[in-house]
């Protein structure tokens, strides 16, 4: 007999980016701080059947990432995916598609769904899209077949085949 | 050549329930008012590739619904599903599973995905789960095969086979 | 030498009313629950020089209050005012002016500022006026001379001389 | 016969600072933008008896202000105060006390209450203190005698005699 209501583990890898930026009152600037993901975002969602494991891989503005950072992320994906649970990766939007493609080129189709997401506006803002995008990524990670994806603004894109549309502040499919 | 970034239409049928309750300052009570869905909820989501069509079918606390109301909802689902677009139904949680099963018994598998959702706390509250559940239902409606479902708290349940768990304030699968 | 930055104590008496209503997910209704004042409201204000003491005197919709309840509130005001600290009273708007006048008739001018306030919309709502009104009452309690007042919607009214304006959802002065 | 419920005009002079910073999604940074005061802040307060007039005087991080900027602000205060209405000045916290003292040295006691305020965290953030501080400044502007003040975190300081306490992220009185 199977458990009809199992707890699913989703592994969240954080890499920095706008979604994790929080405001330093001392310095008057936005800084990347991984810790706010758990306090500010995850705690505001109702996840009775989901167990989240967070791991901070890198912590950078995605414009500052290079292939060494991407290799670190890809290694973390490879290692983490061995555990058989779906993966959500929080990443800056500017080079999210690059990192996702980098992982795809290195791994091909991974053994689990790996869903990248992020935000146009840091999650501490009243009108941030962080909570929407993370909600979508967490559900997509449960519903999709193994593969690399970007979930953003109520749409799921397969990787490769997606890029940021800077003018519109969202992602788009490319042929 | 296909349009890589088509606008998907999702048809939202509203039926009342906690999710649509708003506070009347004159009377000091919560009342069902369909209009708040568009103003309060949909306008706070970023949906660049999604066109929403709203239709109010009934407007009741789901504990007050009877089979005449359910027949109205099932008729609306049948009629609306002819247009070929995914459907999201906002419904009170107390009898959501009953209405979903009623529709399933009448229609079998519908021609499009039909995703029920709602909320434990009305959407005007700071800590409402309405935005999370609607975000999930809108994504599930795009990703799932035709069928009846309940999307709630980061989980999608096939209908039949789901009921409300009153003690936990969520839904659960039943064998 | 005086302490330039003393901590001021403000004593908050809670009596129920809309401002304290919170949503019961089990019952689907709004109920008075004094505990939410500290968790939901006070914790969201920055009060580095203010120490708050909360006491729950009664816990009722103000339409259900009678003179026995008002006598309890007046006794609490008399007793509490002996300690010499300003007092803020959270009260339902419907009979707030009645209770304030009742206290004034019984006590005349109290030895400290006593500021009534409340809200048109319970404080759990995104667009509640509870936080604004409590912020105003806490500041008015520090700035005003001893006396009974109602602070509401960026205005301070002396008692007697104020009533609720139901049509406008606020208070107004009367001659 | 006097109007018991007159509309009071309060004149708001904006000068930039943290309180006005909003997030640019294109650039991923916080920038000063005066327009957000009306949309984001004032529209969320209930002010049935208050008419606000906004004027943007300068628009700078207060650390970048020099005495030429302060002269501009002082001139605006002098000119605006001729109209007889209370004044609220939104200003960066870092040099707010300097600008307030600059005005006091130039004008002495002004003909109306002039209340400076600002915020430790920009107003677009969920946990910003902007709304609290502006609520307090608007009420203080109605209640206080003519003079220069800083209203912040439920306290009103007379100018001169106040400075920022950077370690605590608030203001404090100095002897």
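A, B, C and D label the chains in the order they appear, each numbered from 1.
Going forward, contacts are C-beta pairs under 8 Å (C-beta built on N, C-alpha and C of every residue); 3 or more make two chains touch, one makes a residue touch a chain.
Given the structure is predicted, the values throughout are model-derived calculations rather than measurements.
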{"item": "Chain B to chain D, fewest steps along touching chains", "value": "2"}
{"item": "Pair with more cross-chain C-beta pairs in contact, given A-B and A-D", "value": "A-B"}
{"item": "Chain pair equivalent in interface to B-C, over half of contacts matched, among C-D, A-D or A-B", "value": "A-D"}
{"item": "Chain centre separation (chain A, chain C; CA means) in Å", "value": "45"}
{"item": "Length of the line joining the C-alpha centres of chain A and chain B, rounded to whole Å", "value": "27"}
{"item": "Interchain centroid distance [CA atoms averaged], chain A/chain D, Å", "value": "40"}
{"item": "Residues within chain C bordering two or more other chains", "value": "120, 127"}
{"item": "Pairs of chains, among all present, that meet the touch criterion", "value": "A-B, A-D, B-C, C-D"}
{"item": "Complex contact set, residues of chain B against chain C", "value": "18, 23, 25-26, 28-30, 61, 94, 120-122, 124-127, 166, 169"}
{"item": "Residues of chain C defined as touching chain D within the complex", "value": "1, 4-5, 44-50, 120, 127, 129, 131-132, 135-136, 138-140, 142-144, 151, 153-156, 168, 170, 172-175"}
